[in-house]
Structures are given as C-alpha cells and as structure tokens.
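Given below, in the form of structure tokens, are the structures.
Look at the two complexes coming up: chain A is in both, with chain B in one and chain C in the other.
For the complex of A and B:
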C-alpha cells in the first residue's frame, strides 16, 4: 500500500514537471511558428488611406517591429509574470477573453462527454447481455456507418429533421433573443432546447466510439480462458461481468476517453460554427484567421492544459482500475 | 420503476415547460443579422462596416449626412450642431451646439468635448482611424492638429474652427464627438484597451444595453437623446450569425428582421417570401483584376520604376480587358445583379460618373490582334504567345473562401487561354493575400474595393506609392495626378464633375486594372418595419426614424 502511495506521488510530481515542460515547448514552438508564418496581424488595423510610414508606426505599437529574439524575450518575461498580453482583436487581456468563452466549452464538453460515456457504456452492456439480440445486430451493422458521417453532415441532418421539418427545436444559437425577458425556468428551458441539437451532433460519434471499444473489449475478455475458468468454477455471472470482464475491458477505453475529453475541451469547432455557439473552437479559429498572436498562444495553452489534465485524469482512473500499474512504476 | 421514471423525469420537464412561458409583453424591437462580432464600439478605432454602423448610433457627430439620390451624392446637415456658419473665405466655421445634448451618464455635452475629440483623433499616440486625415486644419509636424490655431472656444456651447485653407468641407468635422470626462485619467496610449471600447458613454439615439460576445449586441433607446421619440424602435439587436445559410434560414423564419449582403442566387427566394421586402440598390463595391503596371521587385528592393514585362503596356492591358467576358460572369454567377464597370467611380455617384465612356466589349479577336501588334505572337507553337523569349504566362492570385472570385478566376483563365495567354490560379489565405497585394508582391490578382463616400480617388490612383499603398497596381499618370491634386485643393462645384470625367477617361484609356463589375446591394427586411430608407449610406443609418407595424 505504501509502495502504491509512493508510486502515485512520484507519478504526480513527474507528470507535473513534464506537463510544464511540454506546455512551455508547445508555446515556444508556436511563438516562432506564428512569427514566420505569412500574414500581417496589423493589416486590419491600418486604414488603406494611411501612408506606409504611418502604417509602420501602427505596427510598432504592437511591438512587432522589434527583432524576433527581442520579441521572444519580452514574451517569455511576460509569460513568467502570467501576462499573456492583450488580444489584438478583442482589445482585452487574453485571459479575460478566454474566460468569456471557456465556461461554455467546459459545459458543452462535460455534458457531451457524460452522454457519450453513459450512453456508449449502456449500449455496450445491454448488447453484451443480450448478445445476438435485435439491438446488438442493429448496432453492430449500423454503428460504423453512423460513426462515418462527418460531424457537419450529421449536424445539418439534425437541423433539417428537428428544425426545418418537424420545427420543434431551434436551428442555431445558445439562447433565444428573448432570453433576457424569460423567467428562471424559462431560461433553463431555453438553454435546453437550444443545446439539444449541438449536444446530439457532438455526442453521437462519441457514443459509437465508446460502444464499439467497450463492446469489442468485452467480447475479447469474455472469450479468454480465465473467464471460462471462473464460470466453470461456479462464479456467478454478475461477479464475472463486474469484477473481471468490465475492469479489464475498460482499460483501453479509458485511454481513449482521456484523449476524447481533451479534444472536446479544446473546443468543438464544427459544432460551434454550425450552431453559432460562442466556444473555444470558434475563438481559436478566429484568432488564427485574424493573426491575433497573443490570443492564439493563450488558446493553445489552455487547450494544452485541458488535454494534459484530461489524459492525466484518465491515467488516474486506469491506476484505480488496475493497481498493478502503480507498483510496476 | 415506470412510476419513478415519470416522477423523476417527465413531471419536472412538464413543469419546466409550462413555467417557461414568456412573462413579458411584446417588445418593440428589430433584429439585424450581421456576420461577425465587432471588436470595439469606440469611434476612435471602429475600422469595419459593422463597428461603424453600430457606434454611429451611439455617438453622433457635429454633422450628419443624407443620401441625395437625384444628385447621387451626400448632403450634410447639422446634428449635434444647431447652427453652422462659414466665414466668407470659408476658412472659419462658427458652430453653435444644441443645448439639449447629454451624455448617457447625464453630463452635458460641451464645446470642450468637441475640442477633445479632434485632439485625440489626430493624436499619433492614440492611433485613431482618423489619424492623418486633417489636412485642412493647422497641423503640427506629427500631423496632430494645432489646437491653439485651429480651435477657439467661445462658450460652453459654441466654438469656432479655423482652417488652414479654404478647402474645408463639413466632412472634415463629421467625426463622432467623444466624452472628454470619461477619457480623463486614461493614458492616451491605453485608449485602445480601455473599458470605453466596450462600455460606451454616448450621445446618440441608442445606447448599449448588452453585448454578448460572438452572440449579439443589444442597443436600447436613449430617452435623453434629442432624436428620441415615443414611437421609435425601443431595442435594436445586432445578432451575430457567421454562417450565411443560417442567416438566410433565420430571416425566412423570422429570427432576423433585417439582413444585408444577400447573394444574388437567393434573390428569387427572398422575393417569394411573403413576410419580407427586398430592396436592390446600386453598389459601391467593385471587383477588379489587378495587373501590376510596374516591376514590383525593382520597386520593393530599389524603389525604381520600370514597366512590368507583361502588364506594363496600356495596349496589352486593354487587350486583356477585351478578352474577359464580364457579362458572362454577371449573368451566370451574379444572376444579373451587377453592372459592368469601366472605371473607379461608382454608379451611385450619378453626378460624377462619366456615362460617355462605354466599357470595352468582350472581343477576343480584337484582343488577340492588339497583342500581335504589340509583338506577342506564339513563335514556338506551344499555344502561348511570347515576346523576346518571354512567355505570356502568369499566376492569378485570389483570396481563399470567395466563391465569386474563384468563379471569375476560372472564367478569366479560360478567356485568356483563347488569346494565347497561360494563366494559373492560386488561392491565398485572405490575410496573406492582402498583405502581399498591398506589399506589391503579386503580379496579377482579383480583389475588390468598397469606394468611400464622399468620393475620393486619390489614395487609389495617385502615383506616390510611398504615401498611398492602396495603389497596389502601381498606376502612374501625370494627368491623373494633376487632376487629383487640383480636386484636393478644391475646385468650383460646377467644374468638379468635369475633373472626375477626365480622370475616368484617362483611367479607362490606361486600364491600370480591369474593372469587372459594380455589385448590387441586396437587402431584405421584415414588412413589419416601416419608414426605412436603404441607400448607399447603409440600412441602419437613421434607424431612429423606423417604425413598427
């Protein structure tokens, strides 16, 4: 037990420092990549009526006229003090801008993730229990086809069915224009109806992933000799399933879940664009298109932190499921 | 189990549904669809169209403008000013401010606010969008207005502006007036990041109620405004919908009440919608094919001017224009919602456009013979004309994500192939494209301009590239330069049109670029909105005059 605690502490410390290093390398790489990429972030702030000399002054005010190494040292100095700079586009500190968009992404990602995991696992258990049943056949035949539908097609199909054809759900937006005039429950309902289609289009491919992974892993475990041994020794089906098949089948699924959650937290760009939602995906892509250097770095850093954290949580869950991993370190 | 399910899930959902009924009476409001969020509402920095149209409802200037459709020009009228009186030599303007103007925080607007506004607009430290645009004022070396020479404060509500010459017009003073007291205490270099960019304290008919980033900007009636009236629209919502198709669905379904920039292919669908009214106005934006008139590399590296090896000859450029079937693009892609362009003066400027000029007809045969007369002949039989060992082949650059320009580029490629010119089309990401275009790094490109109101040709066609980088083609003509300078100095009103006529004739002759077409503006609005005037100044200008059915 002591050894396991030591192992966990060691992993935490090691992970913390490697994550910091990884993030640092990521943003340094990004800093130089942005500076050498074509395009001028100042162009849009310069009136075509200004002379090149005066336009140069505008550029200087962004600090982009300085040599690259000087810009880099200023960047690192600011970074150490927690100053990510001012977004060119929003004219606000980068962290303030990110905080405007991050909560929505966190909520959307968490809800979608919970639905993906919950539904995916439920379908895997149900079909495993009733192997060869109608649902099992249906899912095994059509799940890949559904998974293969690109997100934007799926989203447009959902909009067509529920908004255009049936006219029961709004086609886009986070909330309605009348939102401010609604009662508390009205606001909750408004959010619910607006987020139904985005959450569905974001979740359906994930549900299929978890269902497929878990279902196949459960089959693999089920066919292993130790399961046959347990069954032949009279262990009841519940114990075999919950204590042996599921924990062993879960391990690779948890790794996938860590990656998926990280991607979700980084922003669901296509869903956000199609449903006109104010999330991190749209923020990041707009920052890239507008060459908003400080904001691109800020968004990347936040996404990096979220992906690393999600993967770390996934690893902790794996350690919890399979304690041999801690001892082996 | 089933009972539990009903208790836990279905009943609360029903309760939620029935309790969410709107608890307010119908609000007097209009929803305007826009494609992207604005970055600031501070008139010092409002660069794009939407920023301008929203901030100008919050901040008014000393004068406003109306579109005079008969003359095809704008007419100015006093707005914050009650009276304007020019001196006989037109070098001084006496301004009496209205005495009923208050900022939205309750403070009175005074002549010191006016002085402060011109001070900061022209301050190089502030870097406002109006910087370097005060040539008719007395200026310091750094182009900051010399306030002591230019302004004379008479009282709290009257002042005199002294101009350095007699060419000043009311456009020189139409900038929105800013509240000095709100900017006090903020270092001028920090104006760009101050909270006033998002929390405006204005003097206009509307004030900011709420700004949800990437979602909507809500303006509400400013009851203190002298433009305010009981039956004006209470709330204007600028709804941000980036996806064009979503905007179209929403205006059809009533989620949006007013939408600009409708694509020609949607025109019929819009006309068919019973609840909508469609308005088509002559445009002030045109597409063109830019030909680099000069050797850009030589210019960039040594600031020397030498005609471009392919496009440096006006006869060749004329041939290129004749070889492009502009009507086909208008008919096929724009559904006829455009007019062939023959120069840089928009058809909206009825007084200034020279209708005596006829656009070059599509005539590939004539184009080919012009090229031959200029020595461009297919000597090696490879299908591409050549001269002095140089093949007439080039890359035509277009900004990415623009289907109209992609279509145009494809037609041009096919058209020029017919006369023995080899064109390859290359897309560039817009930011990169415009950076290259302004930096004179492209040989040939397709882009567009939205021409300013009032008409101003100098930044685009004057030959001093050091001062005007908008002249991306590197066009140079002494006659045009002279006429532009004379117009800038000021000419008699009756003779003004004649100057523009001559400039257009010369530019048409020189064909520095191939002017493609002026694109019509198609706007759609809900029939519930009354008293709306849509003209080249835009759709929401003077929206305080709108009424709802």
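For the complex of A and C:
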C-alpha cells in the first residue's frame, strides 16, 4: 500500500512538472506571437512621426530595438532569474504590478469558491433528503436554464434588478467616492455592499454546477445494489449517506472543482470588466489593449501557475478520497 | 391532454401558415419579381446579396411543405421544449428576411423612432426613393417596395407630396438609439450566431478527428504526446489567448470562426480517440484491414460513420459553447465588429442604456439564453437517445 502511495505521488508530481513545462512552451509561443504581431507598442507613448529620436529612445528602453533572437535570449535569462521585465504602462517591475492586483483576485476567488461549494453541496443534500419535494422539483426544472445563462447576462440582470430597479446596491466599482471619510466599520460595510453583486454573479453558475454534478452522482450511487443491500441490512440513513453515497459521489465533483477554481483564480474576466474591479482579469485585458508585452506574459504565467496548482490540489484531494485513482491515470 | 397530441409537424405547419398569413403581400411581390426575371424583363447586372437573400428565403419557403411531406414520419413525434425551440430557431435562421419587420440596418426617422419601448407603433411619412443611376424600372420598383435599404449613396429620399402616404411601423421589441428595429436585428443575429457556430464546430470536429486518428493509429508516442497536450489545453482558460490573438491580429468574421474552432477541439478529441481505440479491435475493422483496405479508407468509410452518432451530443454542446464564447467576446469588444448582427455586441451597446431602455440588452440576452438552454437541452435529449442506460 505504501509503495503504491509513493508511486502515485510520484506520478502526480511528474504530472505537475509536465504541466509547468508545457506552460513554459506556451509562454515562449506567446512571446513570439506578440513580437511578430502587427503594431508598435511605442506608439502608445510617443508618435514616431512626431519625434523619431524620442521614439527610438523609448523603443530602446523597452528593449524592442534588438534583433528577435537576442530579445528571446534576454527573455529566457530573465525568466530563469524570476524577473519578468518592466511594464510599459505602469513603469514598474511586472511582478510588483501583478502583486498589486493579485490579492483582490485571490480574495474574490476564494470567497466565491467557498460560497459555491457550500451552497451547492447544501442544496444537493437538502434535495436529496427530500426527493420529490418542492425545492427538488424547482431546482431540477430550472438548474439547466440557470446553468446555461452566460455570466455577463446574469451580471446585467443582477445590476438591473438591484441597482436600477430596487436601487439598493451600487452597480460597479470597489469603493464609493467618500470611502476615505468613513469609519472602519463603514469601510468594511462599503466593501461588502460593493462586492455583493460581483460575488453573486460569480457564484450562481458555480452553485448550480456543483449541485448538478453532486446530485446526479448521488442518484446514480443511490440506485446501485450495494446501497440497497446496506439499507436492507438495516443500516441507518445517516451512515449510508455519509459513509457510502457521498464519498463515492464526490470524485467527479472534485475534478470539476479543480477546473472551476482554476478559472476563478485566473481572473474572472467578464465579471471584473462589468463591475470595474481591480483584479487579474481586467489587468490582463488592459495589458492586451495597451500592448504591454511583459505584463501580458507575466499575467499569463501567473494565472497559468495558479490554474495548474488548483488542478494539482484537486488531484491530491481525489487521491485522498479514493485510492484507486492510480488505475485511472 | 391536448399538449400530448401536439406533434412536431403541427408546429411546422403552424409557423408556416403564420408567416404566410402575415407576409402574403411580400411573398407575392417577390414571386412576381422572380417570374419577371425568368421572363427576361429585367436584366440583372450585379448580384445583390440582400436581394438574393429575399429570393432564396421565399423559394425555400415554398419548397418547405414538400420537404416536410417527405419527412412526415420523422416529424410525427411529440413535441418537447427543446424540439419546439429548435424548430423556432430553424425558421428564424432560414426565413429571417421574411419574418423581419424592417431592414435590420435601416435607421428609421430618428426624430420619431429613437429608443421606442417594445410593442410601440409609429406612423411615418413614407419617403419615395429616387434612384440617381438609371436602373431598369422593374428592379427599381422592387427595391423601393420591399427592400427598404438603409444606406444607399445613389438614392435620394424625398418626402411624398400627398399626406396619405404615411405608413405604420410596428416595433415588437422596440428600437435602439439609432432608430433601428431591435426585433429584426435579433432575427439576423440568430442567423449570424448559427452560421458562426456551425462553421467553427465543423473546424473543431475536423481537427479533433484528424488528431484523434493520429492518436489512435499513430502508435504509443503520438498518443501520449497528444494526450499531454490535450490536458494542458483543457485546463488553460482559452479566453485570454483568444483575446490576445484577436486584439493583435485583427478580428474579422473568419478569424473569429477559426480561433473559436481551434480552441474547442479538446473535448471532442478525447471522445474520438477513445472511440477509435475501442473500434480498432472490432471485427469489422480487422477484417477490413485483412482485406487490404488502406488506413485512410478505413478511417473515412468504416470509423467515421460509427463515430458520428456518439459525437453528435458533444457537437451540439460545443455549438452552444461557441455561441456563448462569441457573444462574450463581442460583449468585451473583441468580436467580429459592427457590420454583423452579434447578440453580444447588442448587449454591450445596450448596457449603457440599462437605466432608461432595458429592452436593448434584455431581448438579445433572452435570445442568447434561450439558444444556449435549447442547445444544452437538445444535447441531453440526444444523449438519452444514444445511451438510454445513463440516468441523466
């Protein structure tokens, strides 16, 4: 058993590093894609027609005047030492810029992930206990519809209902204008009020996804023979549910959770754009729009690493639940 | 009880009759025009896409009953929500010019028609068009009568002299900030979305089939490599890369189609590869190999038809995903641009009027959500047909 466990951890770690290697290949591909793309990032700051000398200076400061292979060599050298270059837009090291925006994304992702998991599992349990009840019928009828609605439509609906129609929640931004004059609790309340709609619009699809997956798997397990055997032998419902049905139903849910968490950590792009929030998604979009080459690559790398880590954690959890995973890899 | 007796064919007939009753005048005019051309009274110097659109839609409209008669046994099934809305979208896509109440690009009189709420009708003085260029009169009349073109440099708009010429315009879903009819725009948007979805699903499928064949027939090395590749591609959020590509290399229709097609092959690839590996050891493949059939022929003639059935479910789901991705891209401003009627772009421009004109973003959102729900539901129902054992 111990040997098998060791083998599995080895496989998982190998997988992790292969993913990292592939991410690096992707980054290199992105590097060349950006360099061969039409358009000049210097034009954002100074027009070459206005002052060719100054434009040349700016270009040299970006390191874009060197030949492509030399740029690539410098890029690789910097990557190894953990230096991603200097952002054109912010005039700061890329890592510092990312660190300014990353905490918000981490907080938003973890909060909405917790809400998704908590509510989704709770709904699945409640409807499973009262099969055929009102809530069960309602959810099974409408879960597909809610699941199909795209995020931006959901966000706009929420904004219309809560900000335009009822006028109780702010439609965008992280803080209100008079934020600095508020007391400590006022500040906390301000954040809470502003984050309600984004968190809601991020969480609702996820809640439905977890509910659907868990509920379907629980139904499948519930119809299997060993559960019928346990029931007919007089095991109480609680043991059957918690010791047998849920552990068996959890496996696919965990891998979905890994992907979901990865997407959330990579920056909830559309939500951040709609609600005007300072997170990784909007940073990346702005970097793309401003042709900020080092920042684009830095953002891709950071969110890629977060995604790979999330999947790695999901694999570990799956292994913890079910040791037979070795066969499936 | 009555709902149970309603069959799909009844819905098709109902829609057909509705269009016939509502638009008989238009249909009559177009058929007249077609006869005109056939007799040689009108010489067509240049093929006009909008005109062709009308003619093709009308011809299809009159062919449809015969097609329905041919497939009457297949259409004789009980309707469900999914099949109803699939039929509806089918009609919208094929007969968009017939159903549309006005030209989707037509800027109506902005003094009267700006930001009108849904279900409003306005009386507008009809303007007669005078063509500066000397086009032949039959075609010219047809243009004036039917295709009320929005922008035509060769046309002068004049106020009609007699006041009786005012006509009533009805806007089912209201108008937008330029006085364009939202309903017609959404109708043409259906067409656009479905065309985009189908073309990019075809690209995804052919790519996935090629790679799946390479993985299934190419040996262990290719299999492993492609699997690794698929895993990283599956876990990576493709929206970023798509946006990078579109932002840097321009965003025309075909670029969007190709980019969305190339980013959606992973799930299909996994299924196709598994199917090919499963089929490889089947008797009919082995015997085909023994008989000396070349590998590409085995792939195309033996494996491809067998694979098509289980893959259909995923193709439908992928179709929904592509439509959603395109509208998300258009919403962010990276879509195909203004010359196409994209729902995402409509929602995007409507969100600035959210406080005083909710219909601008509501109706495109409704249609988008309806399409996605339909696709997911159709996928589920197809899966029930193909694997009846699963409890989904």
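Keep in mind that, in the parts below, the second predicted complex is superposed on the first by the 301 of 329 C-alpha atoms of A that agree within 3 Å, B and C clash if a C-alpha of one lies under 4 Å from a C-alpha of the other, contacts with A are read in each partner's own complex, and residues count from 1 in each chain.
As a working rule, a contact is a pair of C-beta atoms (placed from the backbone, for glycine too) under 8 Å apart; a residue touches a chain by one contact, two chains touch by 3 or more.
Just so we're clear, the structure is a prediction, and the values are computed from it rather than from any experiment.
Chemist: Just chain B (first), just chain C (second), both, or neither: which does A:173 touch?
Modeler: first
Chemist: Looking at the overlay, does A:57 come into contact with chain B only (first), chain C only (second), both, or neither?
Modeler: First partner only.
Chemist: Touching A:181, do we find chain B (first), chain C (second), both, or neither?
Modeler: first
Chemist: Which partner does A:89 contact after superposing on A: first (chain B), second (chain C), both, neither?
Modeler: A:89 contacts chain B only, not chain C.
Chemist: With both complexes overlaid on chain A, does A:39 touch chain B (first), chain C (second), both or neither?
Modeler: Both partners, chain B and chain C.
Chemist: After the superposition on A, what does A:284 contact: first (chain B), second (chain C), both or neither?
Modeler: Touch status of A:284: second partner only.
Chemist: Mind working out whether A:111 is in touch with chain B, chain C, both or neither, as first, second, both or neither?
Modeler: Neither partner.
Chemist: With the two structures laid over each other on chain A, which partner does A:223 touch: chain B (first), chain C (second), both, or neither?
Modeler: Touch status of A:223: second partner only.
Chemist: Quick check for you: in the superposed arrangement, does A:126 touch first (chain B), second (chain C), both or neither?
Modeler: The answer is neither, since A:126 touches no partner chain.
Chemist: Would you tell me the residues on chain A in contact with chain B in one complex that are also in contact with chain C in the other?
Modeler: Overlap of chain B and chain C footprints on chain A: residues 38-39, 164, 273, 289, 291.
Chemist: Flag every residue of chain B that touches chain A in the complex, lowest number first.
Modeler: On the chain B side, the touching residues are 15-17, 19-24, 27, 29, 31, 39-40, 45, 47, 124, 127, 129, 131-133, 143, 189, 192-193, 197-198, 210, 212-216, 237, 239-243, 246, 249-250, 253, 255, 429-432, 434-436, 438, 459, 466-470.
Chemist: In their complex, what parts of chain A are in touch with chain B?
Modeler: My answer: residues 38-41, 43-45, 47-55, 57-58, 61, 86, 89-92, 100-101, 164, 171-174, 177-178, 180-183, 185-190, 192, 273-274, 276, 278, 282-283, 289-291.
Chemist: Under the stated contact criterion, what part of chain C meets chain A in this complex?
Modeler: My answer: residues 228-229, 231-232, 234-237, 239-241, 243-245, 247-249, 320, 324, 327-328, 331-332, 344, 347, 351, 354-355, 358, 361, 365, 368-369, 372-373, 375-377, 380, 391-392.
Chemist: Inside the complex, what are the residues of chain A that reach chain C?
Modeler: Answer in residue numbers: 18-19, 22-23, 26, 30, 33-34, 37-39, 144-145, 147-153, 156-157, 159-160, 164, 216, 219-220, 223, 259, 262-263, 266, 269-270, 273, 284-285, 288-289, 291, 296, 299-300, 303-304, 307-308, 311.
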